[in-house]
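For clarity, chains are labelled A, B, C and D in written order, and residue numbers in each chain start from 1.
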Amino acid sequence: MADFDRGYFVGAFRRMAATAEEHRDEWTKLDGDIGDGDHGINMSIGFREVVKQLDALPDDTDVAGLFKLVGMTLLRKVGGASGPLYGSFFMKAGAEVAGQSEVSFDDLRRMLRAGVDSIQQRGKAELGDKTMLDSYLPGLDVLEAADAADPQAALTAFVDRMRQGSDDTIPLVAKKGRAMRLGERSVGHRDPGSQSSWMLMNCLLDELKG
Amino acid sequence: MADFDRGYFVGAFRRMAATAEEHRDEWTKLDGDIGDGDHGINMSIGFREVVKQLDALPDDTDVAGLFKLVGMTLLRKVGGASGPLYGSFFMKAGAEVAGQSEVSFDDLRRMLRAGVDSIQQRGKAELGDKTMLDSYLPGLDVLEAADAADPQAALTAFVDRMRQGSDDTIPLVAKKGRAMRLGERSVGHRDPGSQSSWMLMNCLLDELKG
Amino acid sequence: MKRLLNDGYDAVEELLDGYVKAHGDVVKLADNERVVVRTTLSPQPKVGIIFGGGSGHEPLFLGYVGEGVADAAVIGNVNTSPDPIACYDAVTAVDQGKGCLYLYGNYQGDVLNFDMGAEMAADDGITVETVLITDDVYSAKDRADRRGVAGDVIVLMAACAVANTGADLATVKAAAEKANDNTYSMGVALSSSTLPVTGKPIFDIGPDDMEVGMGIHGEPGIERKKLEPADAVMDEILGIVLPDMNLQSGERVAVMINGLGGLPLMDQYICYRRVHDVLTEKGVTIAKSMVGNYATSMDMIGMGVTLVRLDDELEAWLNAPFDAPYLKQG
Amino acid sequence: MKRLLNDGYDAVEELLDGYVKAHGDVVKLADNERVVVRTTLSPQPKVGIIFGGGSGHEPLFLGYVGEGVADAAVIGNVNTSPDPIACYDAVTAVDQGKGCLYLYGNYQGDVLNFDMGAEMAADDGITVETVLITDDVYSAKDRADRRGVAGDVIVLMAACAVANTGADLATVKAAAEKANDNTYSMGVALSSSTLPVTGKPIFDIGPDDMEVGMGIHGEPGIERKKLEPADAVMDEILGIVLPDMNLQSGERVAVMINGLGGLPLMDQYICYRRVHDVLTEKGVTIAKSMVGNYATSMDMIGMGVTLVRLDDELEAWLNAPFDAPYLKQG
């Protein structure tokens, strides 16, 4: 059972920052179709600041501290719905492993569950409301059911299921967030947060693959 | 020597109104290139009102009164440089034949000269300044030199020379009006007022031809 | 469409820096660079009025910070709710011991962030109440679900008029709620705005089309139609807003025509004219008129109509003296 | 670009009708439908201040008619000087026996028409003086040949401040001349405006181009260049204006950023910021700042910088109290 240390997570966060930059216009376009066209831009603004923070990361920062820093940075810089949601996600995830310098794969699963719980607590959305939860929730179930002996396979299944969950948002009528007011006009469009969330989680997998 | 009565001039003014309408966008485009893009629009605004006035023309209006009415209407409705210039042109032209119900061809030549004098007096432009005077002035010289026995031929020569004068504005550097501040950038463009003026005078000819 | 910017990532900070430099006699940045506050607070302690939302709606929200108007504006990224720390910092910057009122348009992102700010303030023992502005008639059937558009300014005026009397937080909140309950808006957009970071429009729209029910963020409207003459568009808007507010002959209203940024004042007054004529014809009295760019979407071509049903109290609030760079009267 | 109008031929009349309906407490139409006048003139007789020019520059000129500001605005067709009868009718509507001052931008069409108006007024025994506004630095080498752009508002403020003291016509005229002599503007356009009658732009311009030295009528500027970032454009403008006005360290100025209509306030404040920083760096004091759409060209995307060299007198004039719908201070 692999251990995930601070270096691993720093690497994953740098990948997330690169992903946010690379997919900025794609996420923005998705949000333009059924939202206000800022999702990719704001995630890129947030992760640009994350990179600055990582570049100046104090040596004594542990995993919990790192997650708190990333969460707070997103909270401060992103705004909108996804700022507090992603911010809480990372902060709550980190809080699960306070004081630990390394985390086990089971710890990681607990972290992600805690993070997703906080999204749900803050945003009060349900499965099928056409939000990022439509990728997170089914993904987490798969992750938790997976064999802990093979984290890479488990994370692969997790991300694949999240991606599938994102695809599944396309035919849905939005019930939360800005797209909600579009009603039937939201049908046929992918939810932008479901796309950004699987792509960000995919960075955990990529960093593990190295 | 043909006489020109009120009916002739009413007909000519209606033709001018139709011409202003038809060439509105062309004159506007010319003015857009080196001016402020309003010449055709404002002439069409003015002549639309002229038509309204003609439709309600009091029976006792003589030629001088008709010209005064048209001049005043353009003065009131056109604005810009061409409002007072065309307005004065028609008012002064009419004043030459105060009290007459018909005018001779010689009267007509005097009218046009008086009108052009007033343009020059108001606008203080010279030949070659790239204005409507570059069509009017050489045109008038030809008209005055022409054989009074054949008004149609004389008016044809007049209009042809005006048209030529308009063509001749193309290579000029503007010295008056809005285009003046463009300096060399006005070169290569036809002066819009030189174009509208020959086209309007051409209506005198067309009405004569019937 | 074209903009005149530097790096789009710097646009909000440069806007705020430029704004406080231009209006340094009235406002400054709080310790938080996303919080615009009055240089000096009211000499008599009053409820702190905190107005906010995304940037890109200028003069909303920052233009309404000033004497007798908002005490602070909290500014987010373009079209994006401000962050919770800025929401909190605004409270600590302006609270005078009487508590604060958050006023912002009803968008989920804003609710999430402002609520977190209020929680943080509560931890400090400062009471923060919230009135969500919900004037956009076409955005939802129930008032509570509607978004806030130009009605933001109306609700702000009412809240500030009452706060300026020294009233307590509950009274100020009730005034804002009353104003909100009586405010009805609806708009159309003829173009998208252009985002500073991408330099691109948010959505495409045909040369002869308009988006009906457009908000002020570039969210799609509720319906896309062929563009019609101004009078027909006003008739269509009034045809929806008047029944929704059930406006009767003999009633009194305030009318606001709000330009979204790229629509000339000429067009806005032509729109106003039609609204005026239709209401007058209907026997409705227009007691107050406001025309201009109150809540924009940067360079978006479009406008909205806002009607406020007035009684004596509400009319007096809207006619109170205000002195902010973009709201001066009395 | 798109507009929200009815028949373009009716646009000016509908604008004026809408304007006086919206602001009926302040202004009305004179007997001439192209003349906007104050509903009530100053109780103390003063020199009548008559401001005017084409329409399509709103809020210029009509937006500045009000208490302590212009007594009348004379409005022409779009981008077109008003007619002489309107110019004359404005005089008879506002003259209080102390004569009137015509204030307008230096365009030949305006000179022709206003001069005729003044001649007609002279026939009635009313003295009308004229100050031509000539602030557009890039439009000509000699001040007397320059056109008037946003400086119109600066000169108006000075003239009105002095007229409000009850000063005689010569004194008011001298104040306007002093303000004009100290006012320097220059602008850029990123797009043409859209004409109401044709629904089309006046000129074409590439997606990456800007027109430098653009006026407010859609006349071509003096040079076409590649569009640059805001700071670079401001540096270019200041690189021309500052030497022209020979501005020295230690001097004091008013700064106006004038939006041409389609440029968001966000961009305008970003432009202001650069101008502020460059002037401050140079040791120049900014004693007054004005940012916004003061003199537009309908939906044209663009802006201008106006600098006014101040002495105590001029500064006091610009800080006088004004109360028109689009100019309220003090």
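Following the convention adopted for this analysis, a contact is a pair of C-beta atoms (placed from the backbone, for glycine too) under 8 Å apart; a residue touches a chain by one contact, two chains touch by 3 or more.
In UniProt terms, the chains line up like this: A, B = Dihydroxyacetone kinase, C-terminal domain; C, D = phosphoenolpyruvate--glycerone phosphotransferase.
Only a predicted model underlies this, so the values are computations on that prediction, with no experimental measurement involved.
Note on connectivity: the fewest chain-to-chain touch steps from subunit A to subunit B number 3. Touch-path distance (fewest steps) from subunit A to subunit D is 2. Among the remaining chains, the Cα-based centre furthest from that of subunit B is the centre of A. Annotation: 32 Å between the Cα-based centres of subunit B and subunit D. Computed centre separation for the pair subunit C/subunit D is 29 angstrom, with centres defined by C-alpha atoms.
We define each chain's centre as the mean of its Cα atoms; on that basis subunit B and subunit C are separated by 53 Å.
If you draw each protein chain as a dot and join the dots that touch, you get a simple line with two loose ends. Under the contact rule stated at the top, the pairs of chains that touch are A-C, B-D, C-D.
Listed in rising order, the residues of subunit D touching subunit C in the complex are 1-7, 11, 14-15, 17-19, 21-23, 55-56, 58-59, 63, 188, 190-191, 196, 207, 210, 227, 229-231, 233, 261-267, 269-273, 276, 289, 291, 293, 296, 298-299, 301-303, 328-329. In the complex of the two chains, the subunit A residues touching subunit C come out as 24-25, 28, 32-38, 41-42, 44-45, 48, 75-85, 122-123, 176-178, 180-183, 185. Across the complex, subunit C meets subunit A through its residues 9, 54, 76-86, 107-109, 112-113, 116, 139-140, 145, 147, 195, 197-198, 202-203, 217-220, 222.
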